[in-house]
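Here's a structure for you.
Should a chain be cited, it is by its letter among A, B, C, D, E and F, assigned in written order, with residues numbered from 1 in that chain.
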Amino acid sequence: MQTHKAKRVEIIIESMMERRLTEALRKADVTGYTILPVKGGSGRSGEWSRAGQVSRAGGMLAVVCIIKPDRLDALLEAAFAVVERHIGVVSVTDCEVLRAERF
Amino acid sequence: MQTHKAKRVEIIIESMMERRLTEALRKADVTGYTILPVKGGSGRSGEWSRAGQVSRAGGMLAVVCIIKPDRLDALLEAAFAVVERHIGVVSVTDCEVLRAERF
Amino acid sequence: MQTHKAKRVEIIIESMMERRLTEALRKADVTGYTILPVKGGSGRSGEWSRAGQVSRAGGMLAVVCIIKPDRLDALLEAAFAVVERHIGVVSVTDCEVLRAERF
Amino acid sequence: MDQILSLAAENLLSPIILFFVLGFAAAYAKSDLTVPEAVAKAMSLYLLFAIGFKGGASVASHGVDTALILSLVAGVVLSFVLPLVAFALLRVMSGLDVTNAAAVAAHYGSISIVTFVAGTSVLDSAGLAGEGFMVAVAAAMEAPAILAALWLIARYGDKSNSEEMDGELLREILLNGSIVLLIGSFLIGAITGADGLARIESFIVAPFQGVLCLFLLDMGLVAGRGLRSAAGVLRPGLLAFGIVMPLVGSLFGLAAGMLIGLSAGGVALFMVLSASASYIAVPAAMRVALPEANPSIYLTLSLGVTFPFNLTLGIPIYLAIARTVTGG
Amino acid sequence: MDQILSLAAENLLSPIILFFVLGFAAAYAKSDLTVPEAVAKAMSLYLLFAIGFKGGASVASHGVDTALILSLVAGVVLSFVLPLVAFALLRVMSGLDVTNAAAVAAHYGSISIVTFVAGTSVLDSAGLAGEGFMVAVAAAMEAPAILAALWLIARYGDKSNSEEMDGELLREILLNGSIVLLIGSFLIGAITGADGLARIESFIVAPFQGVLCLFLLDMGLVAGRGLRSAAGVLRPGLLAFGIVMPLVGSLFGLAAGMLIGLSAGGVALFMVLSASASYIAVPAAMRVALPEANPSIYLTLSLGVTFPFNLTLGIPIYLAIARTVTGG
Amino acid sequence: MDQILSLAAENLLSPIILFFVLGFAAAYAKSDLTVPEAVAKAMSLYLLFAIGFKGGASVASHGVDTALILSLVAGVVLSFVLPLVAFALLRVMSGLDVTNAAAVAAHYGSISIVTFVAGTSVLDSAGLAGEGFMVAVAAAMEAPAILAALWLIARYGDKSNSEEMDGELLREILLNGSIVLLIGSFLIGAITGADGLARIESFIVAPFQGVLCLFLLDMGLVAGRGLRSAAGVLRPGLLAFGIVMPLVGSLFGLAAGMLIGLSAGGVALFMVLSASASYIAVPAAMRVALPEANPSIYLTLSLGVTFPFNLTLGIPIYLAIARTVTGG
């Protein structure tokens, strides 16, 4: 089938920063994103798990965002401004999508 | 370690379409897939979140499917037939897998 | 923005093996990983879903691990030793990351 | 009129309404208060389980009669007919296209079980009670409206815009979780009767109002968030429909209840059912059957306009009318 | 025989059984009714908490005696011995290979706490009660069966097919969540006694039957879905095992209870424990310790065959036998 | 002293403490016992709902007086002042840098609602009761401490280390879910009064202690896991702070309660609030406002040291002092 080049950006970020990130994405004209729950993880600041937690502190989310390659830089800048002082990971993968008109 | 070329297909689709998609995948001889929950997102049809929801409407899922490159087209056609009239995103990434005999 | 080459390893593994896998990763000097919940799936051993389940048997997790390319082999070996006799899928994708010093 | 006002006033100050308002206000003020999805589902399972069982146990003690059969038939008929009424009203009042009008119409032919529960709760306070089998009528009214909407599309719309009604879809509609749990609990209540009720009474009776408060808090949060992000779709015609349609629907329920000869409480519940609009089962079915219809429209109308209207003003109005008309 | 039949009939029409049947039927009919995973876990935590605490509080008021100690020892011994019996039966009846036979055997040596809870519930209805410490016996019987299965593999099987029993695995088995919560609640119930019970009674006693109904609804759903997708693995020999083994197991429980001199209720509960098969703790341990064993086999047998059998027919049979034999 | 000891002993053997200890021990022993996140949140919603409503209903029956106003004002002032005290103590006792010291200080100015609930529960057992409006004081004390911490950073710290206090952040702090639910339920309780309470009493009163037990089990699990993985950050100075600061804080609460002229129960609750440290709202706010502060430090101190201290020894001490001083 006909596919089109795109970028898949995955941002793993603290739950508390969710609204700030999605607003930054909107301002950078990102047309869509999907948020996946995260159960736990480990990094330089140690290991964590959501089991039994009530506070939103100490939870993370994965935000997946598929965009046209030429929009990548705007997105990364917007995301970086939010995650800069926070823990979190941003990765970018090449991908192909169906229905390019959607992105 | 010895790895083998494969494709990672990620289909973000409405929860209500889950069974129809997985049945289409099975018919296209896809040997395996994994379904991840989705918490929320945004697209052309606006923003949504699962928080506090009871109805299955307005929820999405991410279906991840790793396959041999030569099976990609059959899979995309099967998936496309299901998502065609629905909201959702299909992306394909090159990847490498261990244990190629599994796919 | 300035990005750096990295590898994104995704390991889909039985919940019961979580601790064994993360300990193996730690021993292989992996600096970070993120664990995503999985709702269901299908493979050679049939279809499954977490709905209504109490036992940890029959559940899976997705462990995402972003690392420097030169660390890939050590990680794969560690992961493989754990998943070898178990059901599960390991895939590796090329990616680019911000803040390379973190990995 | 006086009666309506005092009932409405009393109703507005009941804990369940106030918790709905709290949720609504919190959502509007962008508080991060949320109820986890699993917890919302648990409360909804609990309410279906409790109300179904209580209805069945009450039928067990009162016996099955023709009123039950007639009410079930009337419910099914209403669920088929009300979407046609709603569709006609929508085409006149709102200028929605056929697909969206049909989708909205399906919601108003079907029912909202929480509105029904709130109705029984107001009846209780007023010292009335409806026939126990009204729960079964509620279940019977869930699905037919969806078929009516698909028929509307086939008749007036672009056929390509609707999934053909395959067996899979029909099964999904008729066996959706809330229907199965409601009917199943009703039957088990009817089979085990007073004995069964005695065994689980302290689970389904005593905590019921409290759970309902928390559930309505959640509904307020969801409705408030929905309205905030989709207020744009509610043009005046649609908004008016969201309030006129329940009133119109309630008159159909009134007629049905009177013809069958139900008690004042039963008539009021029939009105509540006819006036209420689905926000769980029908939206889900619409996503499969009419994917081109815009969910913001039907969800916002049903959950953001009609539900709060029924909860606050509608129910007291229906009850007052039912009492006046039946003299009960 | 008459007694068994009437007990069984009464049992079959109790709400808990009917909700199990409802779930089972809904799953078979492919309804989308589901209980969220978190809610199922919450109910299971509640049941363990409640039954553990009540058992402990009952021991506090009756005092510790040699029967308690003997029962614990007997429970541990049975949990080691029953897998050997099951293994032998399986090799004769089903032709399963060593690995799968050992995995299945582990399930039948261990216990199902919901079957135990259903048993106490039937005892209650019959105006009987078992010794409070039987809860502790249940906890003691959870784990040893797993060790027995690993020993069977080491003795008869392909050694490479089992994880060596490292400390990590042993800790996981002995400290799995359900054992810890059950024993912990039992001890807290025993320590705080009647005072403690008075403080939380309205949480753990009154709503118990209702929660149990919802939990069994969920188990019906899970068992029904499991059976539907894995019915293929159940060859006749295996199916027969799933019904013969609980009967055989119950006789071992009968012997133990009689030797110790328990009350009719206590003997019945010992039979229920020995007859029941694990479907939470042991499957999880098997995934780690015997990954080559096929989970469809042991889960389908335990949850899809033996659990429903015990719930519907088994428990009334065991109770009738226990009464006859003890004259209680 | 005797009184303190006997109260402490009795308290230590209450079910809620024992379940906390069970959770703590299970986590330490690396048991896989866990409470799902959604269930923990559900219990926390329930506790806020129940305690808020009961407080409001109690105010409805006692009426509003100046003591209420004064207590709210005192609560806000304490929540601003205690972080300054904590900050000074920390700089002296622990050598934490400004950012981390300010973050920790915010936690101790704010409050822990579960500690408050445990306090009311101990009061109950002692046949005392605090003023109903103390719940509102608890809500009022949640947020100001966060502003105090940001002021400390602005005054003593590296300005670049804190988000500027924008409107968004302020709204998040003032309208966080637990404040909204607590105040909302309080107001609804106050509005609907005895009538409202009668309708939902069997939901919020009877099962309360049982839910609290399960919630404390979960807190024990979380605290135990946290301590195990972050014990390294607790140098002796910090550890000492985690026990000294609640005692110091309680004296401020004592002064406030006495000046206002509260009952013995009210004074004790003021002490408990001042002594307790936030572990839900403040950590979340700190992740946004002071991302450079290390969460292991403030969470481990608050949840792993101060919470268990207050739960076991602190509350009986505060109660004994309050009784002695008020002669109540």
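As a working rule, a residue touches a chain if its C-beta (ideal position, glycine included) is under 8 Å from a C-beta of that chain, and two chains touch if they have at least 3 such contacts.
Here the structure is a predicted model, which means the values were calculated and not measured.
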Chains in simultaneous contact with chain C and chain D: B, E
B-D against D-E, pair bridged by the larger set of C-beta contacts: D-E
Label of the chain whose CA centroid is most distant from the centroid of chain C: D
Cα-centroid distance, chain C relative to chain E, in whole angstrom: 34
Chain A-chain D separation of Cα centroids, rounded to whole Å: 38
Where chain A and chain B are represented by their mean Cα positions, the distance between them in whole Å: 18
Touching two or more other chains - residue numbers and ranges from chain A: 36-37, 47, 56, 93-94
Shared-contact residues (touching 2 or more other chains) in chain E: 32, 34-39, 41-42, 206-207
Chain pairs that touch, as defined at the top of this document: A-B, A-C, A-F, B-C, B-D, C-E, D-E, D-F, E-F
Complex contacts: residues of chain B adjacent to chain C: 1, 3, 6, 8, 22, 26, 31-37, 61, 64, 66, 93-99, 102
Sites on chain F touched by chain D in the complex: 36-39, 41-42, 45-46, 49, 53, 171-172, 175-178, 180-181, 184-185, 188, 191-192, 196, 199-200, 202-204, 206-207
Interface residues, chain F side, partner chain A - complex: 34-37, 40-41, 44, 168, 218-219, 221-222, 225, 229-230, 279-281, 283-284, 286-288, 291-292, 294-296, 299
Of all residues in chain A, those that touch chain C in their complex: 10, 12, 36-44, 47, 60, 62, 73, 76-77, 80, 89-94
Complex contacts: residues of chain D adjacent to chain F: 13-15, 18-19, 22, 25-26, 29-39, 42, 206-211, 213-214, 217
